[in-house]
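Next up is a structure, given as structure tokens.
Should a chain be cited, it is by its letter among A, B, C, D and E, assigned in written order, with residues numbered from 1 in that chain.
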Amino acid sequence: MVNTEYFSGAYADFSRAAMSGDALCLRADNLACVRGLRVVFADLNFAVAAGGILHVSGANGAGKTSLLRMICGLLAPAAGHISLSGNTALARQSHYLGHADGLKNTLTPRETMIYESRLMAAHEACAPEDLLAHIGLAKQADQRVGTLSAGQRRRLALSRLLAAPRPIWLMDEPYTALDTAGRDLVDTLMRCHAEAGGMVVLAAHEAVPLADAQLVLDA
Amino acid sequence: MVNTEYFSGAYADFSRAAMSGDALCLRADNLACVRGLRVVFADLNFAVAAGGILHVSGANGAGKTSLLRMICGLLAPAAGHISLSGNTALARQSHYLGHADGLKNTLTPRETMIYESRLMAAHEACAPEDLLAHIGLAKQADQRVGTLSAGQRRRLALSRLLAAPRPIWLMDEPYTALDTAGRDLVDTLMRCHAEAGGMVVLAAHEAVPLADAQLVLDA
Amino acid sequence: MTGRPIAMWPILRALFARELRLVLRGGHLLPVLAFVFICVMLMPFGLGPELSLLQRLAPGLLWVIMLMAVLLSLDRMFQADFEDGGLDQLLLLPIALEGAVIAKICAHFVGILLPVLAAIPLAGLLLNIHPDAVLPVLATLLAGAPALVMLGAIGAALAVGVRRAGLLTVLIVTPLYVPVLVFGAGGLARALAAPGMLDVGALGVLGLISMASLFLAPPAIAAALRAGLR
Amino acid sequence: MTGRPIAMWPILRALFARELRLVLRGGHLLPVLAFVFICVMLMPFGLGPELSLLQRLAPGLLWVIMLMAVLLSLDRMFQADFEDGGLDQLLLLPIALEGAVIAKICAHFVGILLPVLAAIPLAGLLLNIHPDAVLPVLATLLAGAPALVMLGAIGAALAVGVRRAGLLTVLIVTPLYVPVLVFGAGGLARALAAPGMLDVGALGVLGLISMASLFLAPPAIAAALRAGLR
Amino acid sequence: MLERLENLSALYANPRRFMNLAARVHTPLWLVAVGVLAFGLFMVSGVPDDYQQGATVRIMFVHVPAAWMALFAYSFIFFASLLAAVLRHPLGYLAARAAAPVGAVFTLVALVTGALWGQPMWGTWWVWDARLTSVLVLLFIYLGYIALWEAIDDYGRAARATSILAFVGFVNVPIVKFSVDWWNTLHQPASVSRFARPALHADFLYPLLVMGVAFLLLFLAITLTRLQMEVLRQRLRVRQSAG
């Protein structure tokens, strides 16, 4: 279902990096998270190599969302640090898809996509038509985002991942509100991304067969 | 895990109705839904008897949310009608748990519960302590709702169902953001409610073993 | 259906209490009062610090400030409910939506506008208002406030979910404000021209408008909110 | 990391275009314009119908009205972004947050405040302003507006995620407005006392304050937004 | 739990050394402050009536030190926030938070005594001149600063946001100080601080200076007490939420 062509050109960069041996590696050392007056987790260590998919799980409130936000710099770690092959400023290396999707209700899906790709400085702007069909919103292209169904919104939010290539994908419960086809779409996107040399960290309560490593946070 | 005592007293009313033979029955006749300029579904017929759990499924945008909102009167049907044993004004017979949870960020979980039970005119106000422990928010009782994690919010929203007994529960993707224990909690709540003579209509993309009927909407 | 009759009054009270708490959370009293005094502080800079001039202008300025406070505070009154699904829950309450609307508006009135009204005499002092003018100002403001609030709430309800809400608000609400202002600030000016006595006529008309809006606005607001459901 | 350099300019332009569209679709312009005209309409009632007095006060009143319009419109500038997760996405853009902030502010300026500025001469007409005074009023407003907007945005950013953010913004921002108003309305009054000529000194100071705030405010705003992340 | 939190986050550091020092300094500081204040009041009671102002001149001995402290307290907040931001040490934020209400009260005292003095001297309680207004602005900045602290629950967020406001609001301090020089005001310009040739008679000058020192000590003592309370409250909150 997913047209892997989207990945070919733009992804050449970090695929090449992956092949040339100095592959990217995302690692966290002794990471700790404090929210309010509570220590959510501490002494967390993990590494994700290029092409890796890490599944973070744990009970409600265990700190999954906090971890993902820390990786892209939206939350400062209370201790420890995170780096991508030595680089610690990861905001521009990451796509973050959170519980709140950052979509604007008064735009249409088409407009959202066009702006998204311009804002991400996509080198070749993708044709919104193709992408819309791709994520299953062809019919809703010119409806206001505020009137989309929950799953349709979620699909639109996914399109941000394709706006520009970035090595790290952080996905917080990406299957939420999606039907079977939608879940397959997410899986395909993640697989393509990993194959192109990217890395994925996803938080989910369900099993993720695609993942090649699991991190369990205990509350 | 769920203390079924919550259901005993207050639920006497419609359990008695169920036993006395003139049981409640929720039925939809020739229901149609139009959103914007699109017919979402038409000629929908179904019935849920007291104690029944109906699982509504269908692709994203198939109209599950619209259907639930129609049942409790938040959306007017384009055609057809819905009734509970002949009664067509169901707003005060239903609990609706939608994609948006109606929680107030500046209150604490404890306050939320107290107000909720007063607003629903609960005949005997439940003790918030018990209920909080019940839904797994004992530790977060006095934290602002705005700082809860996604699953913790969801659990708090569930507590509204217990604020006062109402025969119809409308649950839109109730498993969203919940961990395994949370999903079990939802199942237990639904089972208790059905056993007490209530009825549940839930929309979900995953399988729901508990349901005794399924309605598939096709987009 | 559950067999027992439901008493409306405790529900309205609970809703009022919750809304008042939402309004007051985070010490809103301080900011509202500060707002009034800040407006007062800005005036002399705009108009020049001449005390006698300020004295003459004070009553009208106080009306404008009150209007601003209403506009600012009611502005997004229903927006949060609309966005977080709270509006759905309001509709499912065991009371009529009109009642819920009234409870909400009362909470805003008590939590925000009463303190403003209470601060008006002191604000007037800073504007060097004539002592004889304090009473008429308060009287007209009190008589007119319900109308201002109800009209503001209609605007806020229209702004929820209705497309082109801005235009609608301007077309519907602004013309309604005009009579209130005419009788409020205008009657005030006349009252002050003949000092020592209240302009009972204007006050009566203001009161009438307020009464009318107390009865007519809630259904309009409820209808606007229902129209805004998605 | 992807090897190719990223051009900042097109991103800023795209962000500006998007925000402008959001502002225009949000229907914020009309209520602000309505507010301006309500204020203007109200003044004769407050001040009495004496045309000469109105004429004298018009410039100062226009300044105060403009200031309140800016406050009203900036109030929730960053709140929506905060609530819907858009703020997170702003932080992940390939440009500095400071740049994004400037683009957003420019969009608000163009979408709301330029039209308000354009309406000022008309509003002045209703206040019976002296024709010679229109140009100085507009000139000082234009020179001072950037400062008003930037300072307002600092307040809006500080109050992000806070309950009743609007009023807190007012409380934070207005004290900062006083110097601008002093040079704006004050300089204006002096300019009009010697008719036919602009008070270049006050205009220069206003311009300086505006320039300073153009440079100093964006880092403060960005820092405030970062502090507001949850 | 507490240990864990303190080790993890700079914001929750337990300033043990500071608390020990504070416990030792606390009582002597209060004693000296009260002593100097008593001495100052004694000196003030001996001041002769002014030939122009009569007994109302005594308002000066409260008004002027209070006005000084209003400015000093804000500068204190500014530098404390700056230190906290630069050194990444939370004590600065706590100190700034502790000082704010104290500064606001001094500002209020300066305003009220000024108004009381203005009635006999200028024939009015209030005028909108640059000095008076900039002090009113200062009060509002204090209030905004306090309101912002109260409005944000999360301690770290509140600390960062309020420090930004403290920096921005600092521009008002020189305006208050120099307003009398920059604009033509009713209020009189600095007469004490021109030390080379003080324009004030020694009979007035020395009591005024003693009162100034007394107010400074009072400010430091109150702020220190509030700061200790702030640290203890923070510790208590952690304990409670941990267990």
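Everything below uses one rule, namely that a contact is a pair of C-beta atoms (placed from the backbone, for glycine too) under 8 Å apart; a residue touches a chain by one contact, two chains touch by 3 or more.
The model shown is predicted, which means the values in this text are computed figures rather than measured ones.
Q: Which chains make contact with chain A and with chain C at once?
A: The shared contacts of chain A and chain C, listed by label, come to B, D, E.
Q: Which chain lies the greatest distance away from chain E when centres are computed from Cα atoms alone?
A: It is B.
Q: Report the pair of chains linked by the most C-beta pairs in contact.
A: C-D
Q: Please indicate which chain is farthest from chain D, where distance is taken between mean Cα coordinates of the chains.
A: Result for the farthest chain: B.
Q: Report the inter-centroid distance (CA atoms only) between chain C and chain E in whole Å.
A: 37
Q: What is the distance in Å between the mean C-alpha positions of chain A and chain B?
A: 32
Q: Using CA atom averages as chain centres, what separation in Å is found between chain C and chain D?
A: One centre to the other, that is 25 Å.
Q: Which chain B residues touch at least two other chains?
A: Those would be 99, 105-106, 147.
Q: Enumerate the residues of chain D that touch no fewer than two other chains.
A: 26, 83, 161-164, 168, 171, 174-175, 178, 182, 229-230
Q: Two or more other chains touching the same residue: where does that happen in chain E?
A: Those would be 133, 137, 140, 143-144, 147, 151, 153-154.
Q: Mind listing the chain C positions that touch chain D in their complex?
A: Its residues touching chain D are 22-23, 25-26, 28, 30-32, 34-35, 38-39, 41-43, 45-48, 56-57, 59-61, 63-64, 67-68, 71-73, 75-76, 83, 155, 159, 164-167, 169-170, 174, 177-178, 181-182, 184-186, 188-189, 193.
Q: Quick check: in the complex, which residue numbers of chain A touch chain B?
A: By the definition above, chain A touches chain B via 35-36, 58-61, 65, 99, 136, 140, 143, 147-152, 154-155, 173, 176-183, 205.
Q: Enumerate the contact residues on chain C facing chain E in the complex.
A: 26-27, 30-31, 34, 37-38, 41, 44-45, 49, 51, 126, 128
Q: For a test of understanding, state which residues of chain D touch chain E in their complex under the given definition.
A: Contacts found on chain D: 154, 158-159, 161-164, 168, 171-172, 174-176, 178-179, 182, 220, 223-224, 226-230.
Q: Can you tell me which positions in chain A touch chain D when the two form their complex?
A: 13-14, 69, 72-75, 84, 87, 91-96, 98-107, 111, 115, 118-121, 123, 160, 165-167
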